[in-house]
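Below, chain A partners chain B and then partners chain C, in two separate complexes.
Our next item is the complex of A and B:
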């Protein structure tokens, strides 16, 4: 029973840390499937987290915070879109630029507005997301196996957690079952064909970039309004890059993304759990190895040793219409 | 629009356009300063004064510039072959191992001029080794170099934390760093160089690796424009299919280019480790690998452009420290913003002002032609 309890706790924290990864990786899915590479997920998430923390602190409203997060994230996405779609600039360079601009400005603005060393003020009860407890969660906890799973694993998360998991089938439905999704995927594979069909490649890609902004906004809001109470500088701490790794690891498919994010989240949770505790059989595993594992796994996958990850064909290539 | 932009005179292409892009980046940065409620002009004054006002300040500016020349060259070499090496950060970090090993081995018995060449080789070797794998994976297994180098940055960071906390740390010490090197592991300062101009270097760690950086810049120029390998790299950068058609081995060029790039990034470690701290610390790279991207973009991947661009960023780092001292609400993170803006305007949006400028020049040359015609008649 003790072992089972450990597993439940571990899985519960896995879910908690995977949520921003799922949002961000799905965000990346939309742009990359439309042929726009985006390594600015990190920056957008950070910008959104800051906007959410700052606005929620000022207005005392969690919804205003969420809205601000989404708007800022969309704005940053549009900068990326302008650079890489309209100006046909290098998409990677643009993503790097956004990461830097956000990393710097969140600290400078946060310090100027709140004077708490780059933090936003701690949020009270009303201005952050509360956990949702399912009905009867307390009374069924005693039931063996199913009880803890229901009341500890499924119940007791934030609204955004459930939204994140709901976004997985929704994204799948949008990408694979709607006209917009079909066109979006086509524009990432063969924009010329889409253009020939009389559909604007530019506008489609902009819409994909906006979708990415919305989802990154959720990811950022989750960090500063749910996971913690307020924004801390540099709080994304490379999650945007892990999400990117998860996106590739999942071979650009929605349900695989969820699994990849859960796997990487599990590694993260396990690393924290194992700090100082030796594993049976293997012995002491350095924490650093656990932390590096998502990246190592992604490199191995990319090298084609675990199946083949084939990116969208037109990814990273700006579309030039022949005249 | 197959050939979107007309050819412009050289001074416009390599002088005016980068300057306009830079000016816009600084204008936007000025807006951020305004938003914070400070005077941008005052900030600019502190920036310039803090970077060049005194011999010591200049020494610090050039110390930072040394670092950025290395990382800028690293990114530029890869750019020429059409590769985007975003892993300079990790390669420089791992390159530190080579420097530290050379110093830990010989610092107590040998003078610096014996240790230094070994440290150079060590840093270049480890940096190149860390870039080899992404290069090889791209060449042989088709994995995207940008993604693998990003991943390798994170892996490098974990590896170095492990090494510094478990392996390279002296017994009984708590701090995650190597022991302090003896005399042989410390590079002499270039105080005499500044003394020629009547300046006093003070406490600034401006050291011999600056000269190495200049030599490296010259070597990169020779490599890219005066050797067969450089020609092949540029061919591949312009058109991989042309390179293939000419019988050049794409995978060979990719791997060698990445190793040269990684070696240059690794050599950056000499400057902070042997030149300033006299030990290897956690996070000694401090984002210099990423600054290299901005430097290479600003300098148009040409050594003659990279050196001034590196000095510019050295100025931002040193002058930025002075700004934060004089104007507390503008911390050193301001530099990160400016860096991002430079990357955005000089890199991703480099063509934003080009159509307008091209039109301007087209108009002018047409007018000149008309004038010449009327004179002739």
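Our next item is the complex of A and C:
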């Protein structure tokens, strides 16, 4: 296997593992830019993955699975919204609670319904996403350099993969070029300004939280309907936290988020690749180190070594009218 | 009557047990500047919040142009032509001027069209009212005077005919305040109605046509400004005569108690906030530091008090150095005779959730008389607190009450009592009367003078120029971190104002 081919394979798997991160980090972007911190991305993704796996298995329809994922994720978002927006509770506590509830209940429900140890049944061809092959992908593979890039890197991914990458400019456009986006960013910085302008802070934040639910739904559906065929307990395996780290690492900006997710995805892909393959000179690199790198990088960023991550000013603070 | 822009009839509002507005009646004539004056907590802001739809009145009605309107939320207020410039600006700091102005009035779902329209409209408003500001500047990069201008533009952009300004000059330099007043005059001449809320009598006299006085939730009087006087208004505000001028004798400065030499302090971002400041503070004198908020006074105080590290320079207390560039220990400084009344009593001076008596010993809790072995001697603490409460007339006189439940003035008295009663050699005080009502101001000022007469050295920082002039024996003016001039307390306000604004005084220029 030549070096170029190794790179292509590595990048291809980078894209594959980055997709749920991109969805989840963009989801976090919407709520956090509106001033609602969301540590519950992990739980929402997991809940969505379970709903997708279970519904797709029962209905044999991938689309019903996707829809169920989105609905469950929105429902969980609304729970977070109710606790942190309406009841002005602590957003971190609410998010953590969602993570725990989902981690436990998906296994219980899965076991009760399917009796497969918390898994959902393996999905057949029709009830999961298939990869899309671009036209002429096979015939141009032999062209040097460009061929493999077109055939292996650009072509041959799931529909949701393309959706994820499309969501990056779309999210940017919504946040920076629409009225909703302007107000959403404003409410995350100074809800008082939004309130005095005659806009409902609460409804605006709820809408942001719903956007987050939709995107987390996609992330979860990708895990159980595309990446694998069915739900496995705890299958998010911390991806929600990595996405959160990517969000912070990207300083709450859409295109940076894509790059951060690809970087973290690349580290993940590299970790798998390096398993059992010692590097020249360095020797065996522990997998744990590679897995910890996203967090380490984020901590270094937060410590102020790579520029400065300034979170939305009103983030984490429930809005209370003054006096 | 058809020339009444706004009429309030029988507005009543309670927050739990607090009766904030009692049966308020008010008429504001069209095309006038109407002042509303009252002490902190008199209910001015509550009343205006009701008018702007932030709160709903429990009873009463609001008439705009003679027609009753229901103002349920700010939207309804905006629709009725009411605009408000808040005391704490309601601006998004990392947005541009344009984005802030259009927020909530964007016209369409997609911004492009709205932006173009807003830009044209903003240009028109700028021309019409002489309110220039760069529409593409970020708010955080603008000085406060311009930020306030953006707030005014926001209201005008929403076609407000009635403009409410809540304590607009609190953050402005005298020059900026003068400019604001010219803008208000301009707006008035174009037919706008302006309601100016303030606790500064001087402003009322300078600019308003009519003035209404509020006291403890009630509207006690409305006067034509030209026919009233500062003394009458002050009396109406407080309900009794107050001394606007503090009486004090000649200062008898003694030996140097605090010597500051070349002190330089940077803030968290590495920006120099205090730049090579030197001065001496003698026993038996009050040195006032004047300046617009944010010109390094806070950082100077903090560095001397040992709660912010200085980059360079030295400070000597009673002839012995304080380790200002290293680890100055506030507790040790206190033992050495330096007492500090911090500017921000809520965050630095008090723990609001503690009982009064607990706050009364904060920082002095290791004093032997409050200890019983390793335990606190609660009885001694309460007894002491009760004594202070009596001496400083702290109300309500209950040492077990949570500190958050005291008014601003009484909270400040708790801090002052704590810091003054140990007989420090040097007392440094930041904003002694911020958010404090007139009655308490008088009391606090007297106490500060008393400290001086007892031979203590007092360093006073305040953004209230009147206060600095009334109390100080010498005035240092700070601008951009440097001491730009020293003046006698009888220096004119204009002279000090020029120094505060960074325009060198005429004397220095002539020399």
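We take it that the second predicted complex is superposed on the first by the 319 of 323 C-alpha atoms of A that agree within 3 Å, B and C clash if a C-alpha of one lies under 4 Å from a C-alpha of the other, contacts with A are read in each partner's own complex, and residues count from 1 in each chain.
Please note the rule applied: contacts are C-beta pairs under 8 Å (C-beta built on N, C-alpha and C of every residue); 3 or more make two chains touch, one makes a residue touch a chain.
Worth saying up front: this structure is predicted, and the values here are computed from it rather than measured.
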item	value
First, second, both or neither for A:216, with chain B first and chain C second	neither
Dominant contact partner of chain A by residue count, chain C or chain B	B
Partner chain in contact with A:108 - chain B first, chain C second, else both or neither	first
Chain B versus chain C as contact partner of A:167, first or second or both or neither	neither
Contacts of A:238 with chain B and chain C, given as first, second, both or neither	first
Which superposed partner A:291 touches (first chain B, second chain C, both, neither)	first
First, second, both or neither for A:186, with chain B first and chain C second	second
Chain A residues contacted in one complex by chain B, in the other by chain C	321-323
Touching residues (chain side chain A, partner chain C) in the complex	177-183, 185-186, 189-190, 192-199, 313, 321-323
Residues of chain A that touch chain B when the two form their complex	37, 39, 79, 82-84, 87-94, 96-105, 107-109, 111-112, 118, 238, 241, 244-245, 248, 286, 288-289, 291-292, 295-296, 298-299, 302-304, 309, 311, 320-323
Contact set on chain B toward chain A in their complex	1-2, 4, 32, 35-37, 84, 86, 137, 141-144, 146-148, 150-152, 154-155, 158-159, 161-162, 166, 290, 293, 297, 329-331, 333-341, 343-344, 347-352
Touching residues on chain C, where the partner in the complex is chain A	45-46, 49, 52, 54-55, 73-75, 77-78, 84, 86, 88, 90-95, 99-100, 102-106, 108-112, 114, 154
